[in-house]
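Below is a structure I'd like to ask you about.
Labels run A, B, C and D following the written order; every chain starts at residue 1.
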Amino acid sequence: MSEHTLQAKLITEFIGTFFLSLTICTAAVMGTAGEMAPFAIGSVLMAMIYAGGHVSGAHYNPAVTVSVYLRGACDRSEVAPYILTQVSAGVIAAIVTANLLMSDTDVTPLEMELIPALTAELLFTFALAYVILHVATSEATEGNQYFGAAIAFVVLAGALTVGGISGASFNPAVSTSLLVTGALEPADAWIHLVPQIAGGFIAAYAYKVTTA
Amino acid sequence: MSEHTLQAKLITEFIGTFFLSLTICTAAVMGTAGEMAPFAIGSVLMAMIYAGGHVSGAHYNPAVTVSVYLRGACDRSEVAPYILTQVSAGVIAAIVTANLLMSDTDVTPLEMELIPALTAELLFTFALAYVILHVATSEATEGNQYFGAAIAFVVLAGALTVGGISGASFNPAVSTSLLVTGALEPADAWIHLVPQIAGGFIAAYAYKVTTA
Amino acid sequence: MSEHTLQAKLITEFIGTFFLSLTICTAAVMGTAGEMAPFAIGSVLMAMIYAGGHVSGAHYNPAVTVSVYLRGACDRSEVAPYILTQVSAGVIAAIVTANLLMSDTDVTPLEMELIPALTAELLFTFALAYVILHVATSEATEGNQYFGAAIAFVVLAGALTVGGISGASFNPAVSTSLLVTGALEPADAWIHLVPQIAGGFIAAYAYKVTTA
Amino acid sequence: MSEHTLQAKLITEFIGTFFLSLTICTAAVMGTAGEMAPFAIGSVLMAMIYAGGHVSGAHYNPAVTVSVYLRGACDRSEVAPYILTQVSAGVIAAIVTANLLMSDTDVTPLEMELIPALTAELLFTFALAYVILHVATSEATEGNQYFGAAIAFVVLAGALTVGGISGASFNPAVSTSLLVTGALEPADAWIHLVPQIAGGFIAAYAYKVTTA
C-alpha cells in the first residue's frame, strides 16, 4: 500500500513477472542453464523483489496477490489489475523467449503424475505465500531486509525439490507462460492452477493462526 | 520468548520442521535434487527461519531447542511441546513424501561407518547450535537480519561436507523422518541422536565461554 | 556522490572492475570454474560492491555509469574518468589472466547468433541497471543492505540463463576484456556494446516511470 | 576491539578457524563435496563470521589479522595470540579430518605452477583482505549486516576460480592445515605463505588510498 501510482505499480509488476517468466522459459524450459536453472530462477526473483518491493510489493504472482489480499495487505481494487498485468507479462515473456532468444529449440511438454504434481504445487505455493505473508506483510518483521532472500530461497528449494514432479511453477502467471511455450499442455493447466490458488488461500489462514 | 500464544508457536514449529523434513526426504533421500540437494535443504531452512523466527524462534530441531533452553533463551515449559511438535512434523513429512510425492521410489538405507558418522553429527550439530546461540539469542547481535542466512549456511556446509558420511541430519526430528522413510535403520538411530544432543549441550557451554 | 576524492573513487572502480573482469576471464573464458563460473562471477561482484559501494558507488560497468548519470545520481564530471578507469581495468585483467594465470590456455571465440545475442545483452543489461537504480540510488530504499546481493544475483541469473547465447557480459568494460583475451571478436563487439548502452538508457527511463 | 576477554576471543578464533579448515580438508582435499566444495567452504566461513564477529572480529586467518593490525583495527598485543590460535586450529582440524572423519582416504599433493599459483594466492588474498577492511573495519560501513556475506563470497569466487591453480587457500592457517594433511608439500609452502602475507600488506595500503 505504497504511495506510488497504480501505473507505476503495474509497470513494476510487469517488469518483475516478465523477467521471472523469461528466465524460467529460457533457463528451465529451453534448458540453457541445465540443472542450474533453479539458481537462475531464484536469483532473478530475488533481484526483482528487491528492485520493485518498495513500489508494488513485488508480488509477480497471482496466487501471491490473492493471498496478500486475503491477509488484508492489498487493496481490493488492485487485485484484478495486478493479476492481469502478471499474466500478460508471462505471455509476453514466453513469446520473447520462443521468437527472439530461442527460436530453434523444441519444447517437450511436462509429464506429470496427478497426485504428486498436485501435492507439489499445493505444498510449495503454500510455503511461498506463507513466507511472503510473514516477511513482507507482518508488522513484527516490518523494515526487515531479508524479505527478498527468504522469498527467493523458498522458490529455489521448491524448484530443486519438485521441479521434476510438477515443473515447479507455484505461480499462475508462470504457468500461463509455460502454456504459451508448450511446456504445459492446456488439459493439464488445472493441475497447476487449482493447487496454486488453494495454496494461497491456505497460507492466508496459516498466517492468521501463527500470528495469534 | 515472544508474546505469541503457545499454539501459534507450535504451529510455526510444525510448518517449519515439516518443510525442512519434506525437502530432505524428497530432495536428498528420494534424490529428486541429485547432488544439489544440500542447496534445497539450506534454502528451505533459511526461508522458514525468516518466516517463523519472530513467532517461535524457528528452532525446527530438538537439539536446538535443548541448546537454546540450556543457554536460558527458551522457557522450560515449552521444551517438551516444541520437541513433540518437531518430531511429529518429521514423521508426517516422511509419510507425505512416501505416499503422495514419491510413492514409486525405493529408499536405500544409509551406510555409515561408526567413528566418522558420530564425529560428523557431533561436529556439525555443535556448529549449528553454536551459530544459532550467537546469532539468534545473543544480546550483542540482537536485531540482526543475518540470522537466517548464518544458520542455513552452516547446514548447507555440513550437508555438502559430511552428507556422504552420516547423512548430514544434525537434527533429531529429521533423523526421525529418515527412520520413517527407511533411510535410517532403527539400529543406527543412536548414531544420529546421541551426538546430536551432545552437540547441543557442548554448544551451550561454548556459547558461555565465548561470551565471557 | 560520497565525499571521497575522485582518486579514491577511481582506484575503487579499478579494483572492482579488475577483479570482476579477471574472474570472468579466468573462470568463464579460460574455463577454470566449468559450469560453476556464473557463481564465481556473481560472488566476486557482490563482494566488490559491498567493499566499494560506500566509496565510488561500485558501478564497475560503463553502462551502469551511464544509467546512473541519466538518473541524476552521478556527477557529469565523473562519467568519463569512471568509464576510462573501468575499461582500463578490463584490459589489464585480461592481460594478467592471459600472461600470469593461464598462459597455456587457448581461447575459443564466442559464436553468437545475431538476434538472440542482441536480445540477451539488451534484456539483462536493462535488468541489471534497473535493479541498480532501484536498490542503490532510490531514496525509498536508502540505507538498505541488500543492494550488493540484488545486483550480484541479477548478474548470476543472466550468466546462467544467456551465457551460452551472448557470453553474458552486460558490461562494456567486461566486453573489452573479452576482446583482449580473444573471446570476443572485434567484428562482433557491437553486438555487445550497442545493446548494453541501450539497456542502460532504457533502464533510466523505466526507473522514472516506476517511481512516479 | 570488543570488550570480550582475550580468552573468549581466542576460543572464538579457534572454533571458526577449526571449522573452516575442517571443511576445506574434508570437502575439498578429501573430496567429499566434489566440485561443490567451494560452496561448503564459503558457507561455513559465512556462518562462523556471523557467529563470532561480535566477539573476536572473526579473522580466522593470519593474513587477515596482519592486515587488520596494519589498518589499525587490532591491538598489537593480540596479533601473536590470534595467529598462534588460528594455526593450532588448522593443525587440529587436519588431524581430526585424517583420523576421525576420513581415515581411509589418500591425499594427492597439489601440483602448482609457480607463477600462476603465486599470482592466484596474491590476488585473492589481497581481495579477501581488501573486502574485510572495507566491510568490517570501516567507519563508513559500521553497523552493516552484509560483512559475513561479502567476505564469504570473495572466498567462494576465489575457490571456484583459482582452486585448480593454487588450491585457493588465501590463508596461512589453512595452508598449515593442508601441510598436515599432505595436500601441500613442505617445499611448496612458501608459494602459499609469501603471497598471502604480501596480499594482506597490500590490502592495508589499498584500504588507505581508497578511503582518502
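The definition used in the following text is that contacts are C-beta pairs under 8 Å (C-beta built on N, C-alpha and C of every residue); 3 or more make two chains touch, one makes a residue touch a chain.
None of these values were measured; they are calculated from a predicted model.
Asker: Which chains, if any, touch chain A and chain D both?
Answerer: B, C
Asker: Compute the centre of every chain as the mean of its C-alpha atoms, then state which one is farthest from the centre of chain D.
Answerer: That would be chain A.
Asker: So if I superpose chain C on chain D by CA, what angle comes out, to the nearest 5°?
Answerer: The superposition gives an angle of 90 degrees.
Asker: Same or different: at the chain A/chain C interface, is the fraction of residue numbers used by both copies above or below half?
Answerer: The interface of chain A with chain C is built from mostly unshared positions.
Asker: Quick one: report the Å distance separating chain B from chain D, using the average Cα coordinate of each chain.
Answerer: Chain centroid spacing, chain B to chain D, equals 27 Å.
Asker: Quick one: report the Å distance separating chain B from chain C, using the average Cα coordinate of each chain.
Answerer: 39
Asker: Where in chain A do residues touch two or more other chains at once?
Answerer: Touching at least two other chains: 39, 145-146, 149.
Asker: Take each protein chain as a node, join two nodes whenever their chains touch, and name the resulting shape: line, ring, star, complete or other.
Answerer: ring
Asker: If you go through all the chains, which pairs of them touch?
Answerer: So, checking each combination of chains, I get A-B, A-C, B-D, C-D as the touching pairs.
Asker: Across the complex, what residues on chain D touch chain B?
Answerer: 4-5, 7-8, 11-12, 15, 19, 22-23, 26-27, 32-34, 36-37, 39-41, 43-44, 46-48, 50-52, 54-55, 96, 100-103, 145-146, 148-149, 152
Asker: Within the complex, which stretch of chain C touches chain A?
Answerer: 35, 38-39, 42, 115-116, 119-120, 123, 127, 130-131, 134-135, 138, 140-141, 144-147, 149-151, 153-154, 156-158, 160-165, 206, 209-212
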